[in-house]
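Have a look at these structures, which come just after this line.
Each of the next two complexes has subunit A plus one more chain, namely subunit B in the first and subunit C in the second.
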Partner chain A sequence: MDQQILTTILNDTFTVTQLKHRLVMLKSYLTKKLFGTSDETNLEQTDLNWLSSLGEAFYQKFTKDNVYQILNDLQTQTNQIVPLTIYLPFEVEQSSSAQIGSFARTSFNHPTLLLEVRYDPTLIAGCALSWKGIYRDYSLKAKIEDKKEEILTTFKSFLR
Partner chain B sequence: MTELSNPLVLILSLVALLGFILYLWENNLRRRQSQQGQKMLETLHNSIQKSQDIVGQAELEGVKMLSDTRFQTAKLEQQYAAKLTEVVEQSKQAIAASQAQLVQFLQTLQSQSQQTQLNSQKAAEERINQMFGTLEQRLSDFLLQTSQKTTSSIELEVKSARALIESYKQQQMKLIDENIVAMMEETLNVVLGKKLSLKDQLDLVYEALEKAKVDKFII
Partner chain C sequence: MNQQEIGYVASSRDFLVNLDGLPTIHINDMVESDQGLRGWVNSLSADTIEVLMVDEGNIFPKQLFKRLPTRLGIGVGDFLMGRAINSLGIPIDGKGPLSKMKSAPLMELEQAAPGIDSRQFIDRQFLTGITLIDTLIPLGRGQRELVMGDAHSGKTEFLIDVIVNQKGTGVICIYASIGKPAVSVRNLIDTLGANGALEYTIIIATSSSELAPLIFLTPKTAMTIAQYFQSKGKDVLLVLDDMGTHAKIYREIALLGNKPPGKESYPGDTFYQQAHLLERAGNFLPQAGGGSITALPVLELNLSDFTTLIPTNLMSTTDGHLLFKSNLYSQGQRPAIDIALSVSRVGRQTQDRLTNMLSLRIRSLLSSAQDLETISRFSSELSADSQLILRRRDLLLEMLKQDPLTAIPLSIQVILLSLVFTSFLGNKDRSFVEKYKKVLIEAFLKQPKLLPITKFLDKFKSDEQLIRTLEGVEPVLAKICQ
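Presenting the complex of A and B:
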């Protein structure tokens, strides 16, 4: 049952940061809903939209007896997820990261793939990826490095 | 008689008698002495006479002896001179012979010395020539080796210097190339960072993800 809950959460959650934020937010919401001890007025509209998008069936899985257990299990499962670290030369907003995450899940055929977005302005354009300790650069900087000799030859031809 | 009873007279008489006796004894003694002196004088005279005779005889004998002695001495001198002359002559002859032998010996010695000197000189010249030959050969070999070593060392130094220059040149060229690339990257970063839209950026990211998919980066 926890796996279904996590799958539902990951359905439109694409980054590790976003997942952690949403889990905290969900815990707060469920605590308020089940025990009436939390305040949801601090939540932003996008967060509220996401909470409402989960549907009533999703919340019926939580009771006063299992809510903390489920949340702890979710936290444990979340910690075990291996994210795909993506280095971007520009700063992205949540919508852009969602687009990239969705594209990545489709491309790699990995429905629950999570991204860990990091900012690296030296990449110029494109991105670099790191997966399970292996780093690979697909940015414009890497292309320039690959074509360095040709570029230098061309550049030097102008100097003569 | 009375007078004889007087001691004094008696004593004087005795003294006079004693004096008289002494006088007689003295007189007799003097006479004897005179006779003896006379006799002694005669004896002395005889003695002197004999002594003179003896002395004369002695002088005669002395003269005679002196004459003999002179004769013998002259004769002895003549014999001595003859003998001495003979000895001197023999000595002269011996000395002359010895001198001749010595001269001959010296000549022989000189000859041998000259021969030895010539031999030594010849041997020394040969040895010196040999030494000079060896020295010349060794010096030639040493100079040749030194020349070869120097040449080799210079070649190594030149080679090392060229390699160093080439290395420095390569490093500088590599540094320049890196600077060119870095400058180009920086320029592109500045230019594209401002020129590329979010959509363009996302398209490039998608392109990169597609390439990663082709590379099977995530299996």
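Presenting the complex of A and C:
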């Protein structure tokens, strides 16, 4: 059952940061819903939208007896997920990271793939990926380093 | 596209960092953080890589570490002679960078000790120029002799003397100063420099204020450099000062890494660490380079107690030990070695027959004197024979005293000690020896009537014969000592 819950959450959650944030939010929402007395909430509208997008069937899986157990299991499973780290030369907004995440899931045929987005301005352009301890650099910086001699020779030909 | 192995910081405690990732990393591979801080892989488990940092800096969670193409090692070559470096090969003597280090062949610090098929019998004596050692507790080239004793008992003084006395012998000296105060390292460099010993010496030193992993590597670096010169056929003297600090540093690293503490809180593999290192010394066959590494690990004792874990570990991994005592030092005995409690398990086989016989005679005299001393406490009158034994013991101990930074050739050592058994010194006391020792040395080196004895010492078949010959030149000696 936990796996189903996690799969539902991961449907439109693409980054590790987003997942962690949403799990905290879900915990807060569920404890208030199951054990609280007032309907007041301090969650942002985007978060409320996401919570409501999960559907009534999703919330029916949680009861007063199992909620903490399920949330703890979810946390354990989340810690075991190996994310794909992507290094980008610019800072991405949430909407862009969703686009990149969706593209990565389709490209790598991995429906629950999570991204860890890191900012590295030295890449200049393009990106670098890291997966299970292997780092592959597809950036402009790597290209320039590969063709360093060629570029220098070309530049030197313009020297008078 | 370029590809490399990376890992991320999962946790860190002081200089110890645990990494995730790096799928094909090995123990002793080097890694570097994105801020240029280096470390080496100390141990591997199913889900984490334990790295010991050798550079100081901030480590933060999820920090990226790259695997470096080189393993934990040092560039070695003759360019190291006369220099002082730290355990990673960085010069610390202010004489400028070692530019040849980068192009020099890299030798890994961690190596398995050469097997029995590359070793040979220790059959050459390692002469120290110190009478007490060369005659009574002789060392062989390739021997491992533990030098242990109280603080301020003259261990370092003795080691410096041994190094200085290697001048002109072709022996390369390597001194590893492990976690000592920076000022004592400076003093060591200055003393060796002032006595012209620096040109054939290499100092590897880490100060007490440096990171524990860096201090831990010091003896390994020294041994690796020693192995380089040994592989070139050279005889090397390696001093590891001191292994007690090394053990404490290893304990610190192990406890930080959550390894279960054993006896005296040292981890279970402390013995392995020490034995694994000292096993690399020895006397090697020509096909394995032909040189030798004579190792003198040093250990500072607490109140002369050598029955604790580290002293007993080191005593069992070496071929003997020299025990220095602070009370002997304060009584003016130099070197302050307790002869009865010191042993050399392989040195005797390297001694010539004459010295060996004389050494046995001296040991027997010392042992008899010790017995008599106990008896003399209960009886007021001693026989003439007993008094002679006690007097000879005193003369002998005076003969064995040696000023710092002096070397006495082996032939003179043998003659001086044989003189104790002649009638010439039979009725003399300690003060006579103290007064005329230098005169006698000079005489046996220069006096035309005495010089043949020194020159043809190897022709004597026994110590008896030498003592008889010395009796024959008594008038000459008496004239010299007027």
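Just so we're on the same page, the second predicted complex is superposed on the first by the 155 of 160 C-alpha atoms of A that agree within 3 Å, B and C clash if a C-alpha of one lies under 4 Å from a C-alpha of the other, contacts with A are read in each partner's own complex, and residues count from 1 in each chain.
Please note the rule applied: contacts are C-beta pairs under 8 Å (C-beta built on N, C-alpha and C of every residue); 3 or more make two chains touch, one makes a residue touch a chain.
Since we're looking at a predicted model, the values are computed, not measured.
Engineer: Should the superposition on subunit A be reported as showing a clash between subunit B and subunit C, or a fit?
Structural biologist: fit
Engineer: Angle at subunit A between subunit B and subunit C: what is it in degrees to the nearest 10, using CA centres?
Structural biologist: 20
Engineer: Report the partner of subunit A that touches more of its residues: subunit B or subunit C.
Structural biologist: With both complexes superposed on chain A, more residues of subunit A are touched by B.
Engineer: Once the structures are superposed on A, label A:A104 by its partner contacts, choosing first (subunit B), second (subunit C), both or neither.
Structural biologist: In the superposition, A:A104 touches subunit B alone.
Engineer: Quick check for you: in the superposed arrangement, does A:R136 touch first (subunit B), second (subunit C), both or neither?
Structural biologist: both
Engineer: Quick one: is A:D146 in contact with subunit B, with subunit C, with both, or with neither? Answer first, second, both or neither.
Structural biologist: Only subunit C; A:D146 stays clear of subunit B.
Engineer: Regarding the shared-chain residue A:C127, is it in contact with subunit B (first), subunit C (second), both, or neither?
Structural biologist: Touch status of A:C127: first partner only.
Engineer: Quick one: minimum Cα-Cα distance, subunit B versus subunit C, in the superposed arrangement, integer Å.
Structural biologist: Nearest C-alpha pair, subunit B versus subunit C: 9 Å apart.
Engineer: Could you pull out which residues of subunit A sit against subunit B in one structure and against subunit C in the other?
Structural biologist: 134, 136, 138, 145
Engineer: Please give the residue numbers of subunit B that touch subunit A in the complex, ascending.
Structural biologist: It is residues 177, 180-181, 184-185, 188-189, 192-193, 196, 198, 200-202, 204-213, 215, 217-218 of subunit B that touch subunit A.
Engineer: Spell out the part of subunit A that touches subunit C in their complex, as residue ranges.
Structural biologist: That would be residues 130, 132-138, 142, 145-146 of subunit A.
Engineer: Quick check: in the complex, which residue numbers of subunit A touch subunit B?
Structural biologist: Going through subunit A, the ones touching subunit B are 84, 86, 88-90, 96, 99-100, 103-104, 107-108, 110, 113, 121-122, 124-129, 131, 134, 136, 138-141, 144-145, 148, 151-152, 155.
Engineer: Which residues, counting only subunit C, touch subunit A once they are in their complex?
Structural biologist: Against subunit A, subunit C makes touches at 1-7, 20-23, 66.
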